[in-house]
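Here's a structure for you.
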Amino acid sequence: MSSQATMHLPLFLILFPLLLAGLLALVGGNATARSALAKVGSGTVAIGALALYWTTLHREAQFFAWDAVWLDRAVLTAEIAVALTLLLISLRGRQPLIALLVLAQGALMALAEWGGHAHPHVAAPLFVDSLSVIMALIIGVVGGLIVWHAVGYMPHYHHHEAQTPDRQRGFFASIFLFLGAMFALVFANHLGWLFLAWEVTTLCSYLLIGYSRTPEATRNAFLALRLNLIGGVAFASAILYIARTGGSLALNEVVASGSATALIPAALICFAGLAKAAQMPFSSWLLGAMVAPSPVSALLHSSTMVKAGVYVFVRLAPILQDTLVGLLFALVGATTFFFASCIAISQNNAKRVLAYSTIANLGLIVTCASIGNVQAVWAAILLIIFHAVAKALLFLAVGSAEHSIGSRDIEDMEGLIARRPKTALAILIGIAGMFLAPFGMLVSKWAAIEALMKGHPILPVIVAFGSSATLFFWTKWMGKILSTVKGAPPPHGPVSMEEKNAMFFLGVLTVGLCAIWPFISSTSVKPFLLSQFGAFVEFNRATILIMSIMLALIAALPLSLLYKGDKGLRIATPYLGGANVSERHLFTPSIGLTKPVAIRSYYLTEIFGERRLTRAGFIACLALLAILTVVVST
Amino acid sequence: MSAWTRILAAILFVLLSPILAGLLAGLDRIISARMQSRIGPPLLQPIYDLLKLFQKERIAVNRSGHFFLLGYLLFTILAGIEFFIGGDLLIVIFALALASVFFVLGAFAAGSPYSHIGAERELIQIMASEPMLIMCAMGFYVATGSFQVTTIHAQPTPLIATLPGIFLGMIYILTIKLRKSPFDLSTSHHAHQEIVKGITTEFAGPYLAIIELAHGYETILLLGFLYLFFAPWPLLALAALIAVYFLEILADNTHARLYWQWVLRTSWAFTAIVGAGNLILLHYLQRGGTP
Amino acid sequence: MANRTVIPFGPQHPVLPEPIHLDLVIEDEHVVEAIPSFGFIHRGLEKLVEKKDFTEFTFIAERICGICSYIHGMGYCQAVETVMGLEIPERAKWLRTMWSELSRIHSHMMWLGLLADAFGFENLFMACWRLREGILDVIEETSGGRVIFGAAKVGGCRRDVPDDLLARIPAQLNAVEDELRAITNVFRDDFSVRQRLCGVGLLSRNDAYDLGAVGPMLRASGVAQDSRLDGYAAYDKIAVEPIVEESGDCWGRTMVRIREIYQSFDILRHVLPNVPPGPVDMKITGAPKGEFFARLEQPRGEVIYYVKGNGTKFLDRFRVRTPTFANIPPLLKMLQGCQLADVPVIVLTIDPCISCAER
Amino acid sequence: MNLFRKSPWIIHYDGASCNGCDIEVLACLTPRYDVERLGIINTGNPKHADILLITGYINEQSQPVVRTIYEQMPDPKVVVAVGICASSGGIFRDCYNTKGGVDSTIPVDIYVPGCAARPESIMDGVVQALDLLERKRKEKKTRRRAIAPTPTSEVPTP
């Protein structure tokens, strides 16, 4: 147990958002006060996370011994309060299944608490290690930027969706509650505390998804609640199991006890993680979450919620390593990666493409973490970082693009580069960050393939197929933005300053991370891996060099556009079978005088149809989970 | 191999590939012509064509398309350098994929319907061939324990003995990469196509020459991949490469162009069976039969 | 879904050697709609009857189309001869039959090559066209021309063919036929070719009949109809069995044409030794008065020539109803719902002769 | 080295012909004539082509098409009118919608006679076009050099 000196920051990060949530709930009715509070809050959270990172550089894990009975009582009370709230929600929404799930959770937790065995005791309920710090950075910086963006975005949202009642007070309060819960989740060492944070994020996601209160939004919010509560039941069972077997509820001790004793609770918690990380067959809630305003999607997809799901996987990776259970979880992740990537090909709604891509990438993270060897975990952590940044950027940029072109259809983004160059650039950077060498996601994907080879070769094979599908839909989208066929219709509305700021910073982060990831890897990921595995994979310097060359080349290429020496270039009309009319994309049709050419992308629905592949993916993953159940119970 | 020979190999790749690829294409055209009872062009024809294209007027639909072609060429060469200098195979594959993405984006940016359809088809072709390329690297890894070309090249026994399935899969997708029938969906050199020249439709003169040049580099690089299967015995390797290339020409001359669905389905199915099958079998064999 | 690409297909397009234009509406690669546009090679040559006298007009008629040029010229002559009540010499009738069948073979072989080109089988294209040269050689030897050879004449033939040449031709034809077997086997059996032809461009028997398809199109959908049965030229003395396939797809149409090539070889083997001696043309006096039409079987199907004379050297009206024209409605029907890759193949299976259709 | 002599790529367009010359143009590509010996490829895409072969005369509807194709070809380019219709309108000269030969619409460099033009004459026409290509390129170069001092000549001055 180390000094208490740095304990203030984590505590502050947990409590400050909660305080802000309370403040916003009180005075958030006033627009000026609300935006000021939200801005201050987002800035403080981001700075707090950065400060935490700075103060813990190269530090060992620190545990905060804090043994007070009243604290346990308080947590218990909070848990009961959350359960009651959920029960109330389910009764009001006439959702008997949800009520049943809440009651089941309550029963399990009650058994664990008063089931007649020794009350498990956790000496240090909170801790900070480099993984928590990385997660805190993501939550604080990316989450903070998203909140900043939301301040500018929400008035536009209500301008466009005039029929939606303005409940921004509750909106921002929920967001800060969410952030607080996420911080608590990554700093909690006591599984009971972790579970509380877990349930609070579930509750917040319900509130945020159902924000617009349209029938669709309400339905999808309940869907999210239902699926996540199934995971919650598994989590509660894990706690009960540990309590009954007389184990420790401290996360670090669970991990340290190894796969021989802790495999069953770890599997149960990871099952909960699957639901939260929207893996098949639980993926539908994340798609439903698209009805919420863009910042909510960004929050759920990049820095919070789904990241909580994969966080527990990374934490429990040492237990899963080299076990059949781990392999099965890895297969669920890989299968999800493959199917979600393929389905994304058939989608033309930008946010759905992003949603499927999130599901897919979380699948990859789950796969890596479940394999659990040191290199795979390294890849998983880097994937979490890069994905959070690039995906947040994409969601925010798509949200802004939606406001300026009035559609979230990818086909309507044709020629966005000419119409909204900055937003288009943000989207392009985000997409490049998602799949192109030498950007972040690819670096980690490459490490993932190498790491998975040490697991089982079938995993990288599935990943290889899935990633070729990602190449298709991302490139298609980039091409759509770049292709200048139509003339530029006038943009709808302005983009607010806050939105621009957030997109700018995230864009810089996406590109900047490519340059500084070796630094992050050695300062933050390395200590964590050393503490967990006692080993670390050094990266080949030549590889880093060639990646840097590629980055430099890509950066230098646009400079060639500045070179105006090409006076010999003649601009000609495109090839239209000789039927051109003098203007660029008009041709002489069969009937009528002129007709514009229309170009649409391929969606390959006959092979990558959503319904068919979703069913196939669900069946495959359910079968894997069934095998998993058999393996765990024997 | 010493560092100097590796650097020399990379330099030779950059300098000689266009000529080598040109000769290969010339030979291809002559053999094809003979198969069609024709005499065919001179051996140096592709090189004449390339040089001529550089002398043509530069025309384009807009000012941005050719910028992407530069990326295509640069990253193809970079991938080749990384390969011949003995670097990481996965990096080579990713750089190659990046190059292809640039090419496709160039065609998208050209904003013409025919090049757009060509670009979409090219994407389908990339999607069809990409898994096999990655599996090839994975096969080398399982067999040698490394992704480094130098290590793979230094194996004492030819890898074809342990990776026959991977080799077959590579031949299959080579047909896609070389744009040969039945897989010449996005563009092709000879036959008339429903999408005119597909992805290259809007690129004229020097820009077309850049594409041809990059394609030449890509061809040599892919043959380099195949060479690795026979690395310890260079003569056998040469014979195998000639045989494979002849096989590609033969396939080109004995097949109609097929549908994209067919191309995608068969190449995924075939590479999944022979490639992944080979990998998994090898994985278990190496573990001594104890899964 | 509204993700529809709209592109112009033609008039300049490498797989359509002749300019027609389609507004293609496609979804992914499925053709939703194809709206044709014509007129790029409309010459208005029917109107030329006012400027050229009826014997001279034979040359114009031969240039309705350069592929089945001879049959156009002969059909026109036949119509005029009927109006004028001329009975042409027997030898001329047999020679006309010979040249019609030679034209049919060369046209079908050319078509086979173009079809192969359309589905991207370059080697097959080259092979078909290489053999076709053998037929063109025969045509050149007998008439002096390759594609437009001007052998038709009102009242018979412009040229006689020496008997020793007639005796030599069967050997030449046999040589071509032997080599052709190997090629047509590819069309029949090759895996990739069948992938591209079988089940593509289905036209049911009823549709073919209702939409007025003619020629191999109609016969491939199971309707046994062949104008040669009407017995013009020397066909009344030759047993012609209409070649019918039931499948109604592109493969069926290919098979019909391939079998017709062999049928034409058989007919020629029967015709060549039996060409009777005698003159090949007759002297024409007067001018046509009255109206009539001739109905012939072209390689592409049934063609109708309508002639109306007023007793002067210049006809009142000349009208051709060409098979391609009749086959356009079925074509549009077939194009709906096909793949983009099938568009050239389907367009080609009607064996389009736009020059004929637009005149 | 005169590269255009070695690698002329052609494009063929049917103005308004009877098909006779068209199939003879195609026949040039096939084994008996095999123009690929001379490095000739039938590209089918104006943007890749050096030589435009036009068969048939020009009518109302094909005129803009021919113009478009000609404009889309990069310099240096040569136009070969194949057959007597393309040269002068030929037998169809008296038709009511004729615009005349190809030279009524775009500048023609080589005229190939014949009805239908035989493959041999078409090849002869193409071969005669080869030297023209190189000459045109040189001309253009010198012309550009002459114009070079006034690069703003394209911009209309107010």
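A, B, C and D are the chain letters, set down in written order, and residue numbers restart from 1 in every chain.
By definition in this document, a residue touches a chain if its C-beta (ideal position, glycine included) is under 8 Å from a C-beta of that chain, and two chains touch if they have at least 3 such contacts.
Note that the structure is predicted; figures quoted are calculated from it, not measured.
**Q** Given the contact rule stated at the top, which pair of chains has the most C-beta pairs in contact?
**A** More C-beta pairs are in contact between A-B than between any other chains.
**Q** When you take the mean of every protein CA atom shown, which chain's own CA mean is nearest to it?
**A** So the chain sitting closest to the middle is B.
**Q** Roughly how far is chain C from chain D, centre to centre by C-alpha average, rounded to an integer in Å?
**A** Their C-alpha centroids are separated by 29 Å.
**Q** With centres defined as the mean C-alpha position, give me the chain A-chain D separation in Å.
**A** Here chain A and chain D have centroids separated by 59 Å.
**Q** If you average the CA atoms of chain B and of chain D, how far apart do the two points sit, in angstrom?
**A** 35
**Q** Distance between chain A and chain C based on Cα centroids, please, to the nearest Å.
**A** Once rounded, the distance between the two centres reads 65 Å.
**Q** Would you give the residues of chain C that are in contact with at least 2 other chains, written as numbers and ranges?
**A** Residues 5, 7-8, 11-15, 19, 29, 125-126, 130 of chain C touch two or more partner chains.
**Q** Send over the residues of chain A in touch with two or more other chains.
**A** 568, 570, 572-573, 575-579, 588, 597, 599, 601-602, 604, 606
**Q** Which residues of chain D are in contact with two or more other chains?
**A** 13, 30-31, 42-47, 65, 69, 72, 74
**Q** Quick one: which bits of chain D touch chain A in the complex? Just the residue numbers, please.
**A** Listed in rising order, the residues of chain D that touch chain A are 13, 45-47, 64-66, 68-69, 71-72, 74, 144, 151.
**Q** For chain B, which residues count as touching chain C in their complex?
**A** Touching chain C: residues 32, 35-38, 113-114, 116-117, 181-182, 184, 188, 190-196, 253-260, 262 of chain B.
**Q** Which stretch or stretches of chain B touch chain D in the complex?
**A** It comes out as residues 29, 33, 36-42, 45, 48-49, 51-52, 55-59, 189-190, 192, 196-197, 200-205, 208.
**Q** Spell out the residues on chain C that touch chain A in their complex, using ranges where they run on.
**A** Touching chain A: residues 1, 3-13, 19, 21-23, 27-29, 35-37 of chain C.
**Q** In the complex of these two chains, what residues of chain C are touching chain D?
**A** 11-15, 17-19, 39-45, 47-48, 51-52, 59-60, 63-67, 69, 110, 113, 125-126, 129-130, 133, 146-148, 353, 355
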